[in-house]
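Across the two complexes that follow, chain A remains constant while its partner is chain B and subsequently chain C.
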Partner chain A sequence: MSIELAFLIIYFAAMAGIGVWAMKKGRSDSEGFLLAGRSLGPGVTALRLQSSSMSGYMFMGAGSLGYTQGYFGMWYALGDLGGGILNLSVLGRRMRKLSQILGSITSIEYLEHRYPSKWIRLIAAPVALFCMFFYVLAQFIAGGRGLEMVTGVSFPLALAIAIGVIVLYTFLGGYLAVAYTDFVQAIIMVVGMVWILVATLVEVGGFTAGNQAVGEINPNLLTMWGADLGFHGQWGVILGALLVFSIGYMGWPHVVVSHMAMKRPSVARTAGAYSLAFNLLFIPGPYLVGLFALILLPNLANPETAVFAVADAVLPTFAVGIVMAAIMAAIMSTADALLLQAGTIASQDIYARFINRKMTDAQMVKVSRITVLLLAAIGYAIAAFDPPAVAEIVIFSTTVLGSAFVPSYVCAVWWKKANAVGAISSMLAGTGASVAWQLSGLPSSTGIDPMVVGILSSVLGMVVGSLLTQRSHPVPERITRALDETAKVGPIPAKMLLGQDAFLAAQAEVAARSEG
Partner chain B sequence: MQRKQKWRHAVKAEAVLTTVLDEGQAADLLRAKEPRLRIHGARLRHHPFAGFEFEIPYFAGQSKRAFALVDYFSGKAFVTDSWNFAAEGAVLPNSVADPGWNSIGFETARGRAKALLSTAMLRRARLAWRGEIREVNSVRTVWKPNWLLDVSLQGRAYRVLVDGLNGGYFFLDS
Partner chain C sequence: MFGLPTFTTVVIIGVPMLWVIYTGAFLWVSRGWKREDAGAKK
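Now for the complex of A and B:
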């Protein structure tokens, strides 16, 4: 057994140990077990969220972009870093307030409440499932590639093991999926990534020397226009790269889902700062490691393995094992969250809504299990024989999801005339245009990214669909009144603004209204 | 084959949650955030929820109790701590009026509460969880206390809602 593999096993045993310890510790509290997250401090809250949102893309796709396109990859990193800020500052407040007023828990429910029509859920749920499948597929492939490197077995076998472990984790991971395992995992991930980056910089003689060496290989890599300057002036592509992980990411159901319980606002505020610090430390890492891998490992057969291969080359053997384990754990926790979310959409948004309105919770579990097993089987069938690139799949699925949903989310609060027909047209146009643009090969011939085409089509669908049907499908009066309340965003003292408890939004609006 | 559970429990008609923070504490809490804030008045307003207590099968044959409140006026369900009710007749709820945005009935609230707890359990226990949540107690209307405060800061007037249970706050129109 290799040392890396031994560390992988020790790592998971340690995580299981932490999980069992945390479970036993929480056993005495028989009533608050579902609210355990509420007692956590901001550091644990932020890092556990980050560990499940950082996916296989960061370790394979980002490294590959750095290796093949140089600093062009930084457009994606900038979008990723700026997305959270954009979401909070521009879109967040009104959207959160409306979702609270309408009582929405999931993103699809939010859309259905704002645009009351069964077609909203009927269209949104399959589109979300379709995109989530591709995102999960990327995690499967990343897991398989990682295991292939650590164990040396063939990719199809490594993929089967990785999918098997992920599915097993989705079924039995209750003991593992506690806050402290996610927290420890996030710490190891960020320490591991910074460690790989620092070791890489030491190996290449520092940042400046590294850039000079890369410039000698291909000076274009030091620009933000791609390896052959192919993206120079291609603002359609660059805009798409920026939008994918800033706007597009907002479309992901597992990102939009607001959680239950009444969280302490002060924790949420500080957790936001911790998340930003984590992102600043973590996100540029894989892109830079991928870039400098060109100096250390110029003949990589598969650029997607750049981060893994550099870690293997620059870190001590025991550290490779730990970092590999953290990477695998990150992939697993993301895949697990996505699979559970996909199961929930299939059971609650499709089965319970359209097939069996009296679904019991036992039936919900059964439908979720079947969905997860189906996704795993189809995922293996696709990935084992012709595995697509992780970066391509993640960017493609995020593009489709963003194109399908973001205009509907945004218009829901910013445009009173946005109605159900507009939202349906927007989702169909956004999905259809982005998929068709990608499949037709037009991005390379026109220099316009599918994200740009998708978002434009989606916005056009919303505007035209809504304006043409204002008389036949008016926005219900109760929704208009809720929007009026949402728009009442006064100049609240900055010191008090961030500390507000969003869960009180609906109660506050009702209390104010009842006083006149 | 799954045995159909035959259980019945009496649905309590109404209960008022004990107000944890008094008027002075609600005001102090806001002033602690912004000392220049001036408080001009406060009144207690009760918001109606449907309340449900469930028994949930957990790991290794254990079962746990969980509580959920569902907002009648927004339809939103929350997992909560166990409830502490005021003595009957001690407090007369000063209730808020229905805005009619997304009002729901008791049966819908029951479904929302079960769906929320099922989803929460699935996230916690993963797919090995077998389901079979059992409702053991319910209250048709649980009145939750909130303080509505008139405040001002640098000459500008605001209304602020302060949660009467945990001290969370939310600013209204200015």
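Now for the complex of A and C:
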């Protein structure tokens, strides 16, 4: 057995151990299973949020962008750097508070509670599931490629092993298990990335010497405009690159659920600072390693393997094992969060909401696991026979997620006039516009990224839809009172918690009955 | 600087600096949030 493989096995076993420990420690009721009993502090909140946002894309897609487009790829990194602090500062405190007042335990259920209409969940759940499937597919492919390189087995077999480990691991437990393992994995990711970056810089003779050597291969790679200067003046594309991983995070249901699981609303403050520190250490690494791979490995057949190949070339054998564990950590911490959220959406937001309203906890877990297995089987079938590029799938699925949900989550806590019609219009316009723009080939002919079009459309949908229907679909008073309380800095009065205020409880009951 | 064109250097240093300043401003603005913890049940 190679030392790299031994490290990976130890890593998998350690993560499984943490998962089992967290599962035993956690509460078994719905809030305990899905939100860790709203018990997480700033360290776990920040690193869980970041590691579930930083996926296999960082080791495959980012490395490939650096290798093929040079410093142009840094536009994505520069937006990404602020994604965590933006998310926590804009949504964190208010979303934590409002979700508790409304009694929401999933991020899609929260949207329906804030914008009371069953159509919210009927639209949001399938859109989120669709995007998450493609996003998790990218993680499967990245995991398969990583194992293929380490073990030397064929890609279909490596893919089957990677998917098997990810699915087993997701079955271990609920949010607490995912949060604690993601926390540890974030630390492994930073250590692995910093190690490989330092080793690469030593190998190329330092940052300046490395840049000069890249400039001798193609000076365009040192500009912010791409290998053939094709992005020069393409501000629509650049704005999209900056937005997709900065404000885009605020629309990812598997990421914003972190806010709802915080111990206290004020946790968002410290977590924001931690997340920026993590990002500054971690994010530039894969882009730079991909760039300098041009000097060390100029004839790579598949640029997506640049970071793996550089690790293999510049690190001692035992360190390659640790870096491989870091790569798997990035993949698995995103994949488990996505699968847990996908299972939750299928069981809580679709099955329990529309099919069986008296679902037991055991049925919930069963539906959730069947969903995970189904996604894994379909994912394997697509990835084994015709694997698409990881970067393309990640950017596409996250663009649609961001376009569909950013205005709905942001306006939920910041705009009292945002109503159900506005939210529905926003989700439909954002999803439709970003998918249509991408599929029609307009990004290349117009130079405008689908993210820019998607976000503009969904913001327009929210504003126009809400303002035009204020009289026919007013925001219920119980929601406006909850928003007033959310805006205040102070503990939630006990009477505001659902079921404890006779007025609020009565209004909530009427709303629930009318929605059927 | 660093063997890079000036614009690249300005962008890759300037944008992270903006995020650091944003974080500092956020920490300053939110310095009163601890008040919320007093009496909180969670």
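As a convention for this text, the second predicted complex is superposed on the first by the 383 of 516 C-alpha atoms of A that agree within 3 Å, B and C clash if a C-alpha of one lies under 4 Å from a C-alpha of the other, contacts with A are read in each partner's own complex, and residues count from 1 in each chain.
The criterion applied here is as follows: contacts are C-beta pairs under 8 Å (C-beta built on N, C-alpha and C of every residue); 3 or more make two chains touch, one makes a residue touch a chain.
All values derive from a computational prediction rather than experimental measurement.
Taking chain B and chain C in turn and counting the residues of chain A each one touches, the greater count comes from B.
Judged by the touch definition given at the top, the superposed model places A:T208 against chain C, while chain B stays out of reach.
When the two structures are aligned on the shared chain, A:R94 is found in touch with neither chain B nor chain C. After overlaying the two complexes on the shared chain, residue contacts for A:V365 are found with chain B alone; chain C is out of touch.
When the two complexes are overlaid on their common chain A, residue A:T170 makes contact with chain B while staying clear of chain C.
Legend: residue contacts after superposition of the two complexes on their common chain; A:T223 is shown touching chain C, with no touch to chain B.
In the superposition on chain A, A:Y71 makes contact with chain C only, not with chain B. Judged by the touch definition given at the top, the superposed model places A:L276 against chain C, while chain B stays out of reach.
Put simply, chain A uses residues 100, 264-265, 490-492 to touch chain B in one complex and chain C in the other.
Considering their complex, residues 38-39, 71, 74, 78, 81-82, 85-86, 89, 93, 100, 207-212, 215, 222-224, 263-266, 268-269, 272-273, 276, 280, 489-492, 494 of chain A touch chain C.
Residues 23, 27, 30-35, 100-105, 113, 169-175, 177, 260-262, 264-265, 336, 340, 343-344, 348, 360-365, 368-369, 372, 478-479, 481-482, 485, 488, 490-493, 495-497, 499-515 of chain A are the ones touching chain B in the complex. Note for the complex: chain C touches chain A at residues 2-5, 7-8, 11-12, 15-16, 18-20, 22-23, 26-27, 30, 32-42.
Listing the residues of chain B that touch chain A in their complex gives 2, 30, 33-34, 37, 45, 47, 58-59, 62, 64-67, 71, 73-82, 96-102, 104, 114-133, 144, 146, 148, 153, 156, 158-159, 161, 163, 166, 168-174.
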